[in-house]
Every structure is written in structure tokens, then in C-alpha cells.
Amino acid sequence: MTERDNVMGAPDERGHFGDFGGRFVPEALMPACLELEEAFRDAWSDADFVAEYHTVLRQFAGRPTPVTPLPRLSKRLGLELFAKREDLAHTGSHKINNVIGQTLLTKRMGKPRVIAETGAGQHGVATATAAARLGLACTVFMGEVDTKRQELNVFRMELLGATVVPVTSGSKTLKDAVNEAMREWVTCVADTHYCLGSVMGPHPFPWMVREFQSIIGIEAAAQLSELGVGTPDAVVACVGGGSNAAGVFAGFAQSDARLIGVEAAGGAAVRSGSPGVLHGMRSLLLQDEFGQIEEAHSISAGLDYPGIGPEHAHLAATQRAEYYAIGDDDVLSALTLLSETEGIIPALETAHAVAWIAQEAGGLLPLGSSVLLNLSGRGDKDVAQVRAILRGEA
Amino acid sequence: MTERDNVMGAPDERGHFGDFGGRFVPEALMPACLELEEAFRDAWSDADFVAEYHTVLRQFAGRPTPVTPLPRLSKRLGLELFAKREDLAHTGSHKINNVIGQTLLTKRMGKPRVIAETGAGQHGVATATAAARLGLACTVFMGEVDTKRQELNVFRMELLGATVVPVTSGSKTLKDAVNEAMREWVTCVADTHYCLGSVMGPHPFPWMVREFQSIIGIEAAAQLSELGVGTPDAVVACVGGGSNAAGVFAGFAQSDARLIGVEAAGGAAVRSGSPGVLHGMRSLLLQDEFGQIEEAHSISAGLDYPGIGPEHAHLAATQRAEYYAIGDDDVLSALTLLSETEGIIPALETAHAVAWIAQEAGGLLPLGSSVLLNLSGRGDKDVAQVRAILRGEA
Amino acid sequence: MKSLEVTLRHVRDDGRKALVPYFVAGATPDWTRHVEAAVLGGADAIEIGVPFSDPMMDGVVIQEGALRSLERGTTLESICQELESLETEIPLLAMTYYNIFLHYGLSRAAGRLRDSGISGAIVPDLSLEESDEWRAACDESDVATVFLVAPSTPTSRLRDVAQRTQGFLYASARMAVTGGASDAGEGPRVVASLREVTDVPVYVGIGISTPAQAASAASFSDGVIVGSALVKIILDGATPSDVESFVRSFRGAID
Amino acid sequence: MKSLEVTLRHVRDDGRKALVPYFVAGATPDWTRHVEAAVLGGADAIEIGVPFSDPMMDGVVIQEGALRSLERGTTLESICQELESLETEIPLLAMTYYNIFLHYGLSRAAGRLRDSGISGAIVPDLSLEESDEWRAACDESDVATVFLVAPSTPTSRLRDVAQRTQGFLYASARMAVTGGASDAGEGPRVVASLREVTDVPVYVGIGISTPAQAASAASFSDGVIVGSALVKIILDGATPSDVESFVRSFRGAID
């Protein structure tokens, strides 16, 4: 096996991707992590489970999502652009892929309840959705600040029958919602699965979530071939925790495509972070000189996280993937650009990837390059915020 | 050809479906209607055009949308329920099918601009989307009352590069937006296509829009077969102008399936209307004893229309389809029901169809019936409104 | 030939350009006085607009007139009743949208028009293709059906419309709904094309809001129709004598 | 055997139940006085909580303590410096999350602990599986690594953890983060299982907030850890003498 063959393979038996990953959790949660790992290994090698996962993705979540050529934006930028349309998946982003996998696994483990953390609410809505579908009880932890910023997503979760718990500790945002979900999990691990929303947390989450998201890249690779494109020169995705990026990268890890992750400048764990341990994993984190975790700051709640999934830290360290950062200012014009030229309003998270492509066309992306943009989510959730910003009200 | 074979066939050469339909427009618009009819006939029999239409639906709009079994709701109601998932189409409803057809036709006719009417904004957003994709200029007429109720949809259209014109005449809602779009069209018909949003208006619109929407029913019939269901006992859709209903009915017109349209009680043109002429068509309309058109009143802006497409009037007259009405009160609980049991928050429009199914399970729908619900759109656009109502704020 | 056409051909044969003012019936309580004043001012025929909730071919002024009229409770029936007391020799035409007649019943409507002294009807949303029933009903009651043509009407179609119209042909000067306009529009071209296919009188309307515009339109046609400009002064509070001098100013310009 | 364990085994061998109060270092300016008071009150060892921004295993009280401490500018270094002036014979243990040590450098951290008189460390988010590096660093500096077990820990795993822990085994009485609880939890069962696999001293913690609870826990274990209940009175303004009598009340109960 050459080194390339092993890129984005399984982590080692303790969940390490090179120097990163692992399982840094209270002993109380270790058995649950071990049980989950075993359940996942077992399910993922069970053809029936895999078939059910694919059936639900197809019948319920709307997969495969298409790859859309972007002719007008391509012309504008001098590139050959394609978008993998996770915005068309049920609930409006790639998050549903992961929660469908995890809720099916929850059922298989015989647990009647899931908990989840959420920032802007996308993962919370997705989890509440998948839980409703299977009749699982669902509690979502959300920073109090975010429950106020995203009232409507709170209400969507409630409509779906979930209970939303505002988290008042720490910075009252995503990072603290994870802490609180972990604290809750300790108390109910016997009958509750913690449905983590990105490729982060203790082993097996970063690996499992990547596996559940790899459908994105697997589909996209096949679709690009059908379109006659073959391997694109670059695959570009925004990175919060890194699940949509990991999912799309997975389809191209063994190819020659450049893999490019775009972080929010205010949450750029690769560019501005250093190795550390948080939320059960060793990865790159924003932290101060004493190892206290710093708050991330981004216009997009979904990228407002001070860490990154451990596999990304490893892909960065081994230089298989490149990571760049985009500031808030460039995000809005990228959102408008894609909307006006192609009729697709992207999520603010996704707009980071668009902004990077627009900025680097003719730069880091030579003119004429073929580029696959992972269009991780739709912008409907962000429209009120964007409007307020553009009108100078926020 | 038996009578059934001709159900939902083409209208007569003047656009009549039985006693309904036709072309009641100012002479100034007659040439445009004739030109459009010719262009449509020509395009629709041109394999290249049809192929392009299908390619765009697939690559851009996310078709085919899945048929989703609804096991938990089925069990609750004692039916065998399936949903055709138009909520997963790009922009969140079936409206995109029609506008993709019409904008491609606009390009083919060499016109650089489209105009459209919109109520809640779904058709406006869809039109702005398809126009952006093709680089067409786009102006959307929207009742002033609706621009205020649906500020965010106004902003979405603007993000997509469209101009939104608030209509201040009459009741300042959908009906008046159509009037105003017609008035505008008179002034610019040479270079502008009027992209009508439902199976209404003068010939060829009701026919053409139904053809562009029939993809819903055609796909659904094939998908139900794949699921081993074959012909369902009933196909149920909500009816505003009637485009999603016509689209899904088209796939089952020649089958034994009952076709059931559900109107809003406050806009029930079949139950409470009478024959008349409005907006270029002869159909069933809500009108007073003097032939003045009455305003419709519904919790859902998309059903807030005093008429119905002429083909539906004909299907009602010939009893091929049945039409029922659901009041506002039953709509909210239906929305909650589907959300909680299946993890799908439907549009308020769609919730009318859900409410009817829930109400008639064991009644007009015998227990054990197989039922296809056309899930015409997602409820995200309505969440703020529903929340305000449930909290007693609206 | 319907009485309307006989009368209007006489007007033309007399070398006179026809002047046809338009009123929204019922927009003000004294609207029939306005009509009488217009007759005094020199009108050759009068268009009586019957208000409809959804006046798709009308601009803001006539929309406003229709709204006010409907709010006052105006109906086709009330208009016909009020017209019965109107003393005038010149032809009256009803102008409204098809649904009003359809709902009243086509034959019944045509009869009611005739009984209240109306000899013609203009139904802007009734296309030639859909007009058989209405024309049949009108035939029973000697009511003329006046059709419109527009700058967009192709020549082949002009002939068809001209063949079916009765009384006169209403030539829209521009691609627009009713309302003021500052330019001359496409009237000359439209009328010239019509001359090649018909000898029915051709009146020009849509956007004629000043005596000068009327004079120009009359120079190449058989008559002019003045709508929004007149409705506007009425909505603004014009007295019957204001209306009379308004109409007279147009009369003077086109004679 | 690390010094910590030698000391704590002596305590047990003396027939004494160990009392281990927990403090958030730096939560108040006079926190070292509180520690001294606890020693006077009868503590057998002290847990020194080093505040971390994201205390995932802690409930609201200790979170609040950590927040206050961080706002006061507390760092691992500042704590160690302050401890150097503390005069006490009983063992001190540092309790914090792994990132604090990792960031400081593992060997450097272990050395710094030892130099400031700390002989053990409890790192609740450091699993056995990930602990090799830290234990190696601690070995260089005679710092004991204390592991936790929970009611969820299966028997097979209890043995592994017990084999690796140094000084004592921290048995969580319940599936919960730190904070008060009203019931006895699963302490008896957990401790009983541990007795079958190890003779290392077993202390019970998590949710012990009253002397009565402490007495009950001490009856089946070798010692008790009292955290949130103590931190709470300190955050509420307790003086050193309040702390002393608080600890004394627990001492009395377990003796």
C-alpha cells in the first residue's frame, strides 16, 4: 500500500490520524465511546445497515444531490466550476447525511433518545428531523446567544418535537453547547446517543462522521466523470468542524485533485491554531498562551468553532490538503456573486469557499482550472442576517 | 381513444378544457399568447429542448425528487402513505419546474427579460433564480401587503438580482399582482416573457405550466412502481392555482387512482366559486352576485387566490377529480403532525393536503388505502408565521 | 349593420371627426350630469365604463375611478337604471370586462344594455376567438361589439378583427394600459395598416390626454377616445361645467 | 510506588478514612488561606483545581469558580507560585483538563507541579489509552497519576484502570458531572467491584455534599472527595474559618 492509498483511510485502533485524534473523555464516557465504535464497525460492515442508510438517504434526504455546472460564474472567473449541491439535501445542508447514519445506529444500539449540540441550528434541525422520522426522543443543546440569534431554527426544532436547551455557560455559543451536551451525555449514556455534528470529538466520531459524509465525495467523483470532467484540479470546501470538507475530500483523497479547506479567518484553527486537546480530541485549536481555549468569531455561526476535526489537522500536517482563511468582509460579496450569476443563494459558511475561489481565480487557482465547490448548504437560514448587515442594521 | 385516454390531454386549439380555459386577454397581448403557444408547441416537440429542460431539472433543480414512504404517519392514520418530495427541489417547492421550462423558452424566443407575479414569494424566488441562472433580467410584481408579510422573500429575490415591484392597487395581494404583471406585459411584450406561476391565465399557460409540472406525476408513478405500490388509491395535492396538483395528477390521469385537490376554505373556487372570466381564462372563481371578484382569505399566501386553473374546473365538472376544502384551523395541526411524525415540515399550502388526509383517514379515504401526498413545498418560509400564530401574536 | 355603426358612419360621412369621452359610471354621485355635460361639450358618442374589481387593461386613474364606483355600490343594473333617465341623442357604449356580462347572463346583459339606451359594447379582455357567444347575444339586441387592435396586432389579424368589429374599430395608439402618455405613440402606423384592410371607422385611444394629442390623432383617424385625462379631472372634483369645457377644448382641437 | 501513594496507604493503614476537599485555585484572592483552613479542619489531602476554559466534567458551581479564577488572571504558573508559600504536610493534587498540561509541556508541567509541592494529578479528560506520555512525564518527577472510574466502567476495564492509577482510585459515585446530588448513587456497587480487582485505596467523589453523605460513602470506601459543596460556600463568600468548620463537619462525620 502506498502512502497515497492510505490517505483518508481508517484511523489507528485508538482513533489517531497521525498525531491527532484519539479519545480524551471522562472515564464515564469511555464505555459509550467503545460501544459506539464497536456498533459502528459492526454496522458499517453489515450490508443490510449500509443498504438501509443508502435507502434513507435516497428516499428521505433526496440523495444523490446533483453536481451543477456553474457556467456563468465560470466565465466570470475564468475557471471551470462545478458545485456539489448539498443545499438540496433535506433540511438544507450536508448535515442530514451524518444524522441519518447516527440515528439509524442509535436505533440499532437500542437507544431511544439522542442529544446534540448546535450552533446556528443546522445540525440541531437535522438531528431533530432524523429523530422525528425514527420516533427517537431528541434534546438539542444550543448556546443561549445562538438561541436568540436563530429563534426560527429553535422553533423548527420544536416543531419537529425536539426539546431545545439554551446553554448559559461560558461564551454561550457552540463550544459551550458541546461542553453541555457532553455533560448531559454523562448522565444518560445508557439510553442516549450523543449525535455529534461534525468530524470532531472523541474516536470514533471524527472517523464515523467522515464515513457518513463521504457519500458526498463518492457521488461527486462519479458525477464529474459522467460530466466528462474526470478528476477536477481542485476540490474546495468550507471548514467549521470539517464534516462537509471531509465528506467531499473523501471522494478525491486518492486522486491528484488538490484538496482545499477554507476556514473563517476568525476561527482558522489551521492557520492560527496550535495542537491541543478539547472536546475529546487532540487537534489544532485556537488557544491562548496558557492553553485556555479562545472563542472563534465569524459572521457564520457554522464556522464559529475554535477547533477543527483531527483528520484535517493531519491532512494539513501531511500537506495532502491545503487550508486557507477568508474574512467576514469577503463573504457577503461572494454570497451575492453566486446568487446573481447562478441562481443559488449559498449558506454563509459555503460562501467562504466561494469567496476563496473568486479571490484565487488566476492566483492559487490557475485560469482554466476545473474546480469542484462543495455547496454545503443553502442560504435561506442566513437571509435575515445578511439583509440586516447589508442595511447596516447589524 | 376512450374518454379516459383523453383525460388531461391537450386542450382544444383555442385552449379549452371542456367549458373552461380559453384566452381572454386584451388584443395587445393576443400576439404574444399566440407566439408563446407556437414557441411552446415547437419547443415541446423538439427533442433537444426537452432534453435541455430535463438536464437543467436534473443538474440544477435536483430532480428527480424522491418519493418518501411515511411509515409513522401511515401507522398513526391507518393508511399507506407516500410523499412526493417537491420540498426538496431547488428553492423549496415545485415552482422551479415551471420556471425552468419557461425561462428556457424565453431564451429560445430570444427575449432577454421575464416578469412574474408572486404571492408569498415562492414563484417570485423561483423565477428570479431561473432568470439569474440564464442571465435574464427579471421583475417581480408582488402585492404591497405581501411584500411586508414576506420581507425575506423580497430580499431573496433582490439577492438573485431581480427587481421587486410592490403592487398598491386593489387588495394589494396576489390577484392584484397578476393584474399588474399583465398591465406591465402589455407595455413590453416584444422583449419580455410573462412567466406565470400556476396553471392559470390565458392559453397556452394552463396547458404549458401543466406540461412543465407533469414531471412530478410522471416521476412519482415510476417511483411508486419501483416501491412496489403500483397505482395508489388516491393522489392528494393542495390547490391554489393548481399547478402542483395538475403536475402530480398528470402522472395518474389514465389510472384508477382517485385524484383529490384540496383548496383553502377561504379560497375554495370549486366548492364556493362559479364560472367566470379572470386573468385571461374562463374558470371557477370566487365572485359576488354582480361578478366582482372576491378576495380569497387563507392562512397560506400560496392558496390565497380566488380562482383555480381551468383544467381543474374541467376535472371537477367531469368528476375525474374531487375537490375539498380545509380551513385554517386544521392546517396548523397538520403541519405539526407531519413534522413530528416524519421529520418534514411542510409548507402551509401543503399542510392543507395533509390535513385533509388526516381528517378523512377512515372516512373518504378507507383505512388501508395507499395515498400519494404531493409534498409541494417546504415550510421554512412559513415558520415565522406559524410561530407567531401559535404564540397568539398573529 | 348595427344602429351604432350606421350612426357613426354618418358622423364620418359628414366629415366630422368623432370625439368619444370615457366615464367611469358611478365614480361620483352626479356622473350622469357629467355625461350630459360632455354631450353639450360636443361628444359624438360616450363610453360608459362599468366598474370591475380587476381592471386589467386600465391604468391607475381608471382603477381609482372603478374602485370609488364599486365602493359606492355601483352595479351594471344600477348604471342601466340611472341611464334610463338620461336624455341624449348620441350613442352610448358600455365598456367593461367580460365577467360582468357573463355573470349577468349574456343575452340578458345585451338586452339590458339596449333597454337603457346603450348601442355598443367594448370588452377589452374578450378576444375575437372567444367572442362568438357574446356577439350572438348582442345580435339579438342590436348592440354592436367593438373590438380593439393594438400596435402588436399583425396584419393578418387586423383583417379578422376589422371584419368582426361593429360600429368602429378601437385602435390603441400604444402598447400600454389606459393612462396619459406624452408621445404620439404608434397610432399612425396602426391606422394606416387598418386602412388597407377595412373601411370601418377607426378611432384612436389610449394615452390621448391633451387637445393637441387629440388633434394629431384625429388627423389620421376617424375619431379619438379620451379616457383617463377626463376621469382624472372628475376624480379631482370637476363640476359638470368643467367637464363641458374640457370636452369642448378637445372638440375645438379636432374640428 | 509514588510518594503520594505511600502517604495515602499510610492513612488507610492507620484506619483513617481520607478526606479530600477540592478547591478552585484562584477563584478568590485568599484561596491559599482556604486551603490552609481545610488542613486545619482535618483534610488528608487537597485537590487543587487549575481552571480551564472548557471544564467538560464540571457542573455549574465549579464552572463558575473556574470562570471567576480565569477572570482574575489565574494560570498554572501563578498557582504554582502561590503554592510555594503554602506550609503543609499533607499531599496536594492538581486537578485539571489535559490541555493545560499539554500546552505547558508535559515534562515541564510535571516538574513544575513537583517543585511547588504537588505530588499527584487528576486529569478527568485523559483516558487511560491516551495517558502514556503524561504518565512518563509524571514518572520523571514523582507525580502520581490518579485515574477515575465511573459506574459505567465495565469490570474488565476496572482492572486496567486500577493497575495504572497511582495514589488512589477516584470512584465516581454516579453518572454525572461534579455537583450536588441527593441520593447515594452507585458508589457501593462501584467500590465493591473495585475491591475485587485492586487493593489501591479507593476514594469516592461526585455529588458528596453533606457530612451524612460523606459518612455513608466513607463506610464502604477509603475516603471521600468533597468538591462543589465546598466551592459553593467559597463562592458565596466563606472565610477561612468557615472553610475550616465546613471541613471539620465532614471530618467528624466520617471518623
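Residue numbering begins at 1 within each chain, and the chains themselves are lettered A, B, C and D in the order written.
One rule holds for everything that comes next: contacts are C-beta pairs under 8 Å (C-beta built on N, C-alpha and C of every residue); 3 or more make two chains touch, one makes a residue touch a chain.
None of the values given here were measured: they were computed from a predicted structure.
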Rounded Å distance between chain A and chain D, as computed from the means of their C-alpha atoms: 37
Chain C-chain D separation of Cα centroids, rounded to whole Å: 97
Between chain A and chain C, centroid-to-centroid distance (C-alpha), Å: 66
Pairwise touch network: line, ring, star, complete, or other: line
Pairs of chains, among all present, that meet the touch criterion: A-B, A-D, B-C
Interfacial residue positions of chain A with respect to chain D in the complex: 14, 22-32, 169-170, 175-176, 179, 182-183, 186-190, 274-280, 282, 285, 287, 290-293
For the chain D and chain A complex, residues of the former touching the latter: 52-60, 63, 67, 70, 75-77, 97-100, 102-104, 124-130, 147-154, 157, 161, 172, 175-177
In the complex, chain A residues that touch chain B: 58-60, 62, 65-69, 72, 85, 87-90, 92, 128-133, 135, 151-152, 155-156, 159-161, 335-336, 339-345, 379-380, 383-384, 386-387
